[in-house]
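The next part holds the structures, each set out as C-alpha cells.
In the two assemblies presented below, chain A is common to both, partnered first by chain B and then by chain C.
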Partner chain A sequence: MTSESYVSLHDIDMRYPGHHAVKGINLDIKAGEFVALMGPSGCGKSTTLRMIAGLETPTGGKITIGGRDMAEVSAAERDTPMVWQSLALFPFLSVEDNVAFPLRMKGVPPKSARVRANEWLERLNLNGMGKRAVAQLSGGQRQRVAIARALVTQPSIILLDEPLSALDAHLRVHLQTELARLHRELKITFIYVTHSQSEAFALADRIVVMSDGVIEQAGPPREVYRAPQTPFVAEFMGMNTLLRGSLREKDATDVVIQTPEGPMRAPINGAMQTLPDLGSDAGLVIGADRISMMPETAASPADQPRVLGEVVGMDFVGSTQTIFIASDAGIEFRVQRLEHAAETFPVHLGSRVAMTWTPKHAWLLPRLS
Partner chain B sequence: MTIPLTPTSARQPQQRGRLQSMTGKTIKAAIGPLVLGLPLALWQICFFVLPLGFLGVVTFWQVRNYRLQPAFVLDNWERMLGSNAFQRAFVHTFSVAAIATVLALVLAWPAAQTIALRLSPRARDRWIAFLILPIFSSYILKVYAWQVILSPQGIINSLLTAAGVSSLNLLGGALSLQIGYMTLTLPAVTLILTFALLGLDRDIIDAARNLGCKGPTLITSVLIPAIRPGIIFAGSTAFLLAFGDYGSPVFLTGSNPPTLSILIVDTIKSGSQWPRASVIGVTMLALPAVGFLIVTMVKWLLKRTRA
Partner chain C sequence: MKSPLSLSSVMSFIYLACLALFIAAPMLVIVVFSFDANRFPTLPWGGFSIEWHKAALNDPMIIAALRNSAIVGFGTATLATILGFCAAYLDYRYHFFGKRAMMIAVAIPPAVPVAILGMAMLAFLSRTPIFGSPTAIIVSHTVIASSFAMALIRLRLTELGPDLEQAAWNLGASRAQAIRLIVLPFCRPSIMAAFFLSAAVSFDEFMVAWFVGGVHETLPVRILNMLQGQVNPKINAIGTVVLAISLTLVLIAQRLARTGKETR
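Right after this comes the complex of A and B.
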C-alpha cells in the first residue's frame, strides 16, 4: 500500500461453492481518483465492488479504506454508498424520503434531513420533485435520485455498479456528463463498474480490466487502449486486430514476427524487460484507426505490409465507420475510417480490399496470456 | 468471432392486412375472457352467491314446532343482535381472533425472514415444502393431539408431576385456545410472508444496508413497508381463519366462553333455530366486507385530503 492510496485491495480472494469469482487481486486507488472496473460479465468486477461496500465478505485478503482495515466493519457502518443498475430506490418512500434515508439512518433529525435531501435534489435538477412517488419519475430522473441518495451523506467514496446501462443512449451521454461534473466538483473517489468502453474512457482516470477473477491490466484509458498487455485486453478493447505468430528476427529496435499474413515488423516495446527467444510465440496488435484501406488494385507504399481480404461486416456510429474484413489467411481485421472517406472509396459487403499500416504503429504484445 | 451487422432491410409489417382484421380481432378480444371466465362465474353463483342469498332470506323466516316456515319477520335479527350471549360471543371471538392475528404475524415473521432471505435456495425449498405439509393433514386431528398433550393427565403434566412440580391447568384457557389457533394459522401466514419477502428485490435490501440500515431498523424501515400488501394479506388470512374456527374452541376451551361458531351450532341444536343461526352466519360474513369498506373509504379520504 502506498501512502497516497485511499482504497487498497490486498490479495483479495472470493470463492463461492463451485466458483472462484475473484482470484487474489491487488489494487490501490488514490483519494479522488475515478477508477473504472471493466470486463465481460462474470469477470468478478461487480463482486469486487460489493466486497468494497461490505455486501460480500472476501474469503481471503484484506481491504483497507482510508488506512482502516474493513474486516470487522459491517456494510451499514462503512461510508461507501452505492448506485445500482436496478437503482434499488425504495418504492414505498417519496423521492425526498429516499434521498433523506441515509441521513435518517445516521440519526439526522427529520427536518434537517429533509432540507439536505432537497438541496441535493436541486443540485441534480430535480427541483420540486421531492413529494412525488418514485414511480412517477422518468428513468433519467430516477437515476438522478439514486445518485443524490448516494451523495447526500457527503461520503469520500462512491461506488457505481453499471449505473447507466438501463438508460437509452441519449440519456446515458447526458448523465455521463453529469457524473463527470460531480466528480470534478466533489473531488471524491469514484469506483465505477461498467462494460461500456465509451463510459469508461469518457469518465475514468484509470481503467482496470478484469477477466476470470484476475486483473489483466490497469492504467490510464489511452494506455489500456494503445498498449494492451495481453491478448485478452487487446480483444476486449474492441477496435484492435490481433496477429499471432512466432518471433523470427530481432535487432536493436525492431522485431519481426512470422504471422499467417507473412512476416510483420513491430518496434520493441520499451517497457518489456526481456524479449522472447527466436522461434517462440509472439503477438502484435494494430489499432483499427492505424490501418488504411484501399482498392485491391492500388499499390501499397513500399516496405509496408499488405494484406488482402473481403469486407464481411460494417458498423456505423455517426461519423465513424468500422469495417470488418476477413483476410485471405482467415484473420479478422478491423478498420476504422471517417464516414466521408466512403465518398472516395465506397465499399460494401463482399468488396475486395487491400490493407496496410506503418510498421512503427504495430504494438508488440508483452505477454501472451 | 461474431461480427455485428446492421440489418439493412427490416421487415415492414403489412399495415393494410392488420387494419382489415381489426374488427374480427376486437370481437374475439371481447368474447374470449367471457368464455374463459364463465365456468368460474357459474361456480361462484351456484356455490357462493345463491347459498349466501338463501342464508340471508332464511334470517327472516320463522320456526314453528321445530319446522322452518317461510315468512318475513325481523324478530330473529332483533333477538340475536340484542341478546347478551351474542354480543359477548361477538366481542370474545373478535378479540381472540385479533390476538391470534398479531401473534401469528409476530411468530411467523422471523421464520419467514430466515427462510426467504438467509437460506440457500435448496434449503429454502425444503422448508417451504415443510410448511406446506401440515396443510395436508387434518386440522381436527392436530387440535385433538393438543388436547391430549395439554390435558390434566397429558404429557406435559405427567412430566411435571414426575419432576415433582404440581401439575398446571393448561387446557381450557386463553393459552390453549391460541395454541390451537396458531396450529391453524401459522403455516399459511408463514408461507404468505415468505413468498412476499421472496418477491422483494434483493438490491433494495442491499441498498438499505449500504446506506447505513441494520438490525431491527432494517425490518421496520424497509422490510415491513416494502411487503405491506403481503402482511395485510397474511393478517387477514389469520384473522378470518381464527374468527370462523370451530375446532380449537370446542376441543381446547370446552366451548367456554363460546365463540360465534359455537353459538351457531348451539342455536341450531337447541330448538332448530336455523334463522337465528343464519343471523350469526350473515353477521360473521358481513364483518370482513364492512371492514374492507371502511379501509377503502379511509384510504379514499386520505387521498382526497392530500390532493
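Right after this comes the complex of A and C.
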C-alpha cells in the first residue's frame, strides 16, 4: 500500500453561493506521506481539508480514503481526526476526558479509554495533567492535548489546520520538532494546512501550493522553491526575483529572454516538453541567494548579466540579510546574503548597487499562468 | 483610598433609595400587613400575627390554586425550556429560508398586550378539547415564556465557537451525541436559568390564565377572584407567599445566568 495513493481527490469542486472556493482539484496522497497545503488566505486550502474530514460536502468530484468512496460517509464515521487552529478543546471536560472523548465515541469502555488517554498524555509530555481543566494549561500544553486527542484512536491519517499559528516562535519550533518525531514514529498520513513556509519546509515530504481554488504546484519542498512552475509560486515562495519578457533566441541548451533589464540567458528547463515560440512571453526566476551584490563601480564577471539599482528595503533574520533593490527599469530584486558580508560591502537605504548572477542559476518558468 | 462623599453622590444615593422604596412600597405594605393582627389593614399596627397566613393555608381553594400554579409553572418551565433550546439551537446552527420569520414569531409574544394575547388564546383554545384545563394554561404560558428561554440560551450559544461541535463530529460523535455531550453541557447554566425564569413568568401571569383556565384557578387568578368578592386579610398573606416564590425563582435564574458567564 505504501506506494499507492491513500487519499485521492478527483476533480473536487466546492461552490458556495457567490464564491467558487475550490475549482476541480486533483491530488493523490500516499499512505504515510506528510503533505503541506499552502497558499494565501482564501485559496481553498482549509476548505479542502474540511472536505477530506467530511465537514463540508464537495459540490463536485470524488474523495476516496483507502480506496473507499467517502460520498456517503459522515464526518463521524471517517476517522480523520483534525487538530484545529482554535484547538476546539471541550472547556467543561478535564484534559483526560478531552483525550478520551474520541475513544468513548468509538465505544471503548470508560476505564480503558482513560488508560489509553493517559498513555497519550505521557507520550506528549503531559504526565499528571489529566485531571486538570483545560483552562489551567499553557498554550503549548493545550496544543499537545489537541494533538493527543487527535492521535488517541490511532488513526491512519491526521488533519492539521494551521495548528501552530497561535503559538509564539519559540514554542512553534519546539512543537514542529514534536510533530516531525510523531510522524516518523507513527508512519501515518499527515495533511497539514499552513501559510507558514518555514513550517511547511521543515515538516513536509511534499508541498501543495494553492491559489484561488486551484493547485498551482505540488512537489518536494526544494523543488517548489527552486523550480517554481508558475509566477504565482515563484512570488509566493518569497525569496525570488521574477523577470518577465519575451523569448528572443533559443539553441540546444539555452534560451535568451528579452527583459526590461536587457537580454538574459537561462538554461532550457528539462521538464518542459516544448519551448514557447520565439517572440512569445516568457519569464525567469532567480533565487535571492543566487544573486550577488557589489558596489556600482565594481565590474561584473564577463558573460554575466549586470543590473543596476537602488536599495529600497532591508530585512534581517538572524545572520541572514534580505535586501530589496529597485532596479533602474523598475523591477524589484531580492538579494540575500549573510550578515558578515556587510563588513566588506555595507549598504543602507538609498545605496546604489550592481547585481549579477550565473546564468545557469536562472530558472525558466514553464508556465506563465 | 476612599474619596470623601461628595454632595452629588449623596444626593444620587438618596434619589436611588427613594426610587427603590417607591417601587417596593406597595409590596412592602402587603408583606407588613400580612403579619398584622388587625382584620383590616389600618394603622396603628395591631401586633404581629401569622393568623392570616394560617387561614390562607387552610383555605382549600387557595391550596388548590397553589397546586395549579405549581403544576402550570413546572409544566411551562419544562416545555418553554425545551422549545427555547430548540429555537436557539436552530438559529445558531442552521440557515434556512424563513428563519428570520420563525425567530420573530418566537420573540414577539411578550411584546403583545396580555389582554389581546389572552383573548386570542381564548378564541383559539375554546375550539380545542384542552380548553379550561391546566394544560391550556401551560400551553398559553409556554408561548410567552419560551421567548425568554430562547433569548437566554441563544446568548450562551454565541459563546460556543463553531469549531467545538464540529470537533465532536470529527472525533466520532453523531449529531445527537454532539448535542448531548457538548452543546447541552455548555449551555447548562443558561438552560437552568431559562427553566427558573419561565417558572417565574408563569407563576406571576394572571390575565391569560384567567382567560383560558376555566374553573382551574392559578394563585394570581384566585387573588383576583377574592378581591372581587370582599377585602380579605388572607389576600395579603397569599401576596406575600407569591412574592417570596417569584423573587426566589428570579434570583436563582439570575444567579445561574451569571455563573454561565464565568465558566466560559
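Here is the rule we use: the second predicted complex is superposed on the first by the 366 of 369 C-alpha atoms of A that agree within 3 Å, B and C clash if a C-alpha of one lies under 4 Å from a C-alpha of the other, contacts with A are read in each partner's own complex, and residues count from 1 in each chain.
Here is the rule we go by: a residue touches a chain if its C-beta (ideal position, glycine included) is under 8 Å from a C-beta of that chain, and two chains touch if they have at least 3 such contacts.
Fair warning: this is a prediction, and the values are worked out from it, not measured in the lab.
The superposed arrangement places chain B and chain C in clashing positions on chain A.
Residue contacts after overlaying the shared chain place A:86 against chain B and chain C alike. Legend: residue contacts after superposition of the two complexes on their common chain; A:332 is shown touching chain B, with no touch to chain C. In the superposition on chain A, A:67 makes contact with neither chain B nor chain C. Contact with both chain B and chain C is seen for A:55 once the two complexes are overlaid on the shared chain.
Once chain A of one complex is fitted onto chain A of the other, the partner contacts of A:76 extend to both chain B and chain C. Once the two complexes are laid over each other on the shared chain, residue contacts for A:313 go to chain B alone; chain C is not touched. Once the two complexes are laid over each other on the shared chain, residue contacts for A:102 go to chain B and to chain C alike. Which of chain B and chain C touches more residues of chain A is settled by the count: it is B.
By the touch criterion defined above, A:279 reaches neither chain B nor chain C. In the superposed model, A:263 lies in contact with neither chain B nor chain C.
Chain A residues in contact with chain B (one complex) as well as with chain C (other complex) are 53-55, 74-77, 80-82, 84, 86, 88, 90-92, 101-102, 105-106, 149-150, 153.
On the side of chain B, the complex with chain A involves touching residues 1, 3-6, 201, 203-204, 206-214, 217, 221-222, 225-226, 228. The touching residues of chain C, counted against chain A in their complex, run 161, 163-164, 166-174, 177, 181-182, 185-186, 263-264.
Chain A makes touch with chain C in their complex at residues 53-55, 74-77, 79-82, 84, 86, 88, 90-92, 101-102, 105-106, 149-150, 153. Contacts from chain A toward chain B in the complex involve residues 50, 53-55, 74-77, 80-82, 84, 86-93, 101-102, 104-106, 149-150, 153, 312-316, 324, 332.
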